[in-house]
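Take a look at the structures listed below.
Here chain A shows up in two complexes: once beside chain B, once beside chain C.
This part shows the complex of A and B:
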């Protein structure tokens, strides 16, 4: 067993008021997370990144439903487990960090109790042990004066510290897999760097695999071993991080890269991919990216490309994958 | 050497930055305490409530006469040093009766409000969290209760069950729970979409624990306000019903005293003025406190 989590053919749809047909948010996604690796899941808002993660943990909102697929984790298909079986896995063997550190903590419970709640829930230990372990964890995630901060309420902490607490809560049971859903989006850049470093350090120490959901390619380059790029509910490109940044093959990934601000482009207008993500009910025929693709040919609008291997495990869903050309000359890789 | 010095300095800066990040914000219980210090009407309400409750509790100590002692030789006497609030048509000391009546009236304010608080909170939490059919059933039930004029509904219940203190509690609980349930449901609906509930679920916390430990405690500030404002409501309903003659004739509440004294209102107005004022002051005190508490937790009222 090389992968800690294998998602195969995941299809998730949502019921929407006033419509009979369901909106398919995730359409046949395959993702592998190797043991001990950090995998990035990138894409624009609304491309199905978060829904993929929520589906595997059975945390979809009431109107959402997994229609097909499997998510093998430690020999079990997470998508077929009952809620009480999943509850034993959540927070214990797979945990999650959310985007909003300001609201992800219960405002009227001390942060220490929120960390020890998780320990008592899964660890089966008494209050005093849980408290000691919670303080130890708070120290580990860099909360100054952890012993005193144990009795602090979330509003007494800044966003950065709250995100540290959330990471502590997620890591305290030493899970096999951590799903981080845009963990640094709500933080400013200097705190973002600190949090990313903390996550990497904890990951190296515990060997936990991480699925990092983000729309920030800079974060991916910094932290991840391999990357899945999603567009309109599908994986469009998958490669290890060096291959991808050396030469991505899908025009969408290339667009994302070109949209990154660079020092060398100072004063120039920032590139943006024309158009917007297609409506979930009216997906274009053929390649879903074709209406926005500057390289699209007639066949792109008719034939749906498959996820093809370009060699070395570099997968790309494109009829005319781009050659390995450095896209921005004069830029340091 | 130079490098280590710089490193120590940056470490110190980083630590300072971390400390500076911890900024205080408002929290509801704290703003309730602050409100009590700055809002004098709410403080007055609280003081009056404590005073009234203390008088009622210490009734045998503050009164000199048995409230039920009939003294036909001293009927309908105006207020005097002997009888502070005068005597009624049977020569009973009105002051004693008002003080002892406070026990009944406060109990009538407190018990049904507590019952409807517990009932309304439980049903509201269930409706809001379970959603779908449970929500539909509970809320339609609440709609039915709220669709009737409250006084009429309570009177029908009293007529059906018979006049007793227990039935008065039941009648007042029936008309009061629906409002609480609606508020708690609305709050549960918004709380269950909050990230910390989702985070809790992602940590493997069960639904029951999420309701009990994460959603319910966040409703408590609102429940305190509701409870404080329910009490004067219940006292008023009971007074109205006693005045109309549907109350328990043996429970000597203020409402009953007003009702019984109304036929002598022109001859000896003190017999209805004293319990009437007691109702007025008590209800006002609870409303002052309740309004103050509500302002304290209402983010739109904060300046």
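This part shows the complex of A and C:
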């Protein structure tokens, strides 16, 4: 398969105050991002999505460390690169957008300079050229009066506009891969749709592959080609969007789908998977989802399921994958 | 911007008037008749009475306050009772020494404090960090006179320890006066920088592929130094109060020494003059810090 990024067996842990053992936040994750595709990475809060992304780019906080695994990108293992080699890739061939547009821009630097900074760093061009290209990019991501806004400070812009600036900043070098970590969670629903449309348009135009981290399966259905579902630091299901929405095999994925507002009945309370993501130090033995799983059997609590292929590249980490599923009557042969 | 500056300067006037009123009030309840101080007991009753009248000592409090303020506006702070010279000219003679000392100490504290803070933050947890933070804490927590005496003893043979005959005379007083401020600035710079480095926008900067140096100097440092500027305003007052002790210990004829002389002589106009002058300098320092803040931080820029 022609992948732009292949993450294999990624293990990332954190040192925590007052504890000798490290907290393993990501435990053997495999993810493939095909060239030109948009891959969704979903899961509840705290299941390790951000840590996975930060690990591949070497952006973990000080107490974090990659313990094992590889992340092949253009023939190089990102996890083995020296810092200065990785810096040539960051912001240039792989860039990242973060969850919080309100705090992700330097408050005392003009937005224009923050965009042109990348261009000067990686493009090796002079200030005037960088400025012109930055203004062009700001126009492209839909900043009104980009020329004048170039000299604005972040606090003068709304959250939606700031996220556009961040997208512009990330896309300005036309990266091969964009990692977008919940780019719209902090925004209004109406603005969310605009931002997602912008990302898709840019993606179509530039051919950039995208890893879209979200906990909204609705967004995935709309935008992504394939999906990776994570739970408690592990990938539990992987499939292309069509397959997954036709019939997911993991009870956790089914829970996430049931929690989608669209699928809930009108007037009924939104469904939520009972219980919560396990603590990093008290991972259940066997299947990590078993304590919350309505289908769990005795063996689920003892035996750890492997990520198995159900055919057609549909992977699922479950001893008893669901196969009845098509929840919509009629489209099952 | 100009309007903001003008407004800010005008707003200091009532503050200054209030301070003068307060000082005037406090110093006028201290007992000790100046006529007695100057003339001892050699004079007859009626001569004393004449003198008191010529000095307006019997006028009501607010009349005297008004006279004083209207004089002060014209640069007239009265005559020194003991030294028989205009207070303004005494201050004008003394101030250059204090200014030189304070500027040297301020520069010293910035030139030492900020780099030490940055290095400590970068080398957090190492021996270098612990040593520089220890030395900083020492400067912050030791009394000025104590540091002065220790340094005087230690460097007696190498450097002059009193007077103002050459630039060398300023070395020890500068260190004595600047050390605590340098320590405060180093500790603040370090903690602010570490704090700022945890911000989301630093992660953004790193995700662009900037080098660690560019991340620190272009993105983190300016943000970290904004609160340090506040210290500069506080620094003006702590430098001036430290100067009183430093000038006395090192026999530097500055404002501090002048104030001490005035206290010893119960020389009310001189003491009043030096205290009000000092207050004026502190207000000016606060104003300058405010304006600097506004210039650096776009978020509080006013149109």
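The working rule: the second predicted complex is superposed on the first by the 323 of 333 C-alpha atoms of A that agree within 3 Å, B and C clash if a C-alpha of one lies under 4 Å from a C-alpha of the other, contacts with A are read in each partner's own complex, and residues count from 1 in each chain.
Definition applied: contacts are C-beta pairs under 8 Å (C-beta built on N, C-alpha and C of every residue); 3 or more make two chains touch, one makes a residue touch a chain.
For clarity, every value in this text was computed on a predicted model and none was experimentally measured.
After superposition onto chain A, the modelled positions of chain B and chain C overlap sterically. Once the two complexes are overlaid on the shared chain, A:108 sits against chain B and chain C alike. In the superposition on chain A, A:242 makes contact with neither chain B nor chain C.
Contact with both chain B and chain C is seen for A:96 once the two complexes are overlaid on the shared chain. In the superposed model, A:88 lies in contact with both chain B and chain C.
Once the two complexes are laid over each other on the shared chain, residue contacts for A:144 go to chain B alone; chain C is not touched.
When the two complexes are overlaid on their common chain A, residue A:158 makes contact with chain B while staying clear of chain C. Note on chain A: of its two partners chain C and chain B, the one contacting more of its residues is B.
In the three-chain superposition, chain C clashes with chain B only at 260-268, the remaining stretches of 8-16, 62-70 or 260-268 being clear.
Under the contact criterion defined above, the residues of chain A that touch both chain B in one complex and chain C in the other are 57, 59, 84, 87-92, 95-96, 98, 100, 103-109, 117-118, 121-122, 153, 155, 166, 169. Chain A makes touch with chain C in their complex at residues 57, 59, 61, 84, 87-92, 95-96, 98, 100, 103-109, 117-118, 121-122, 153, 155, 166, 169. Taken together, the chain A residues at the contact with chain B in this complex read 57, 59, 62, 84, 86-92, 95-96, 98-100, 103-109, 117-118, 121-122, 142, 144, 152-153, 155-161, 166, 169-170. Remark: chain B residues 15, 18-19, 21-28, 131, 194-196, 198-206, 213-214, 217-218, 220 touch chain A in the complex. The part of chain C that touches chain A in the complex is made up of residues 198-201, 203-211, 218-219, 222-223, 226, 296-299.
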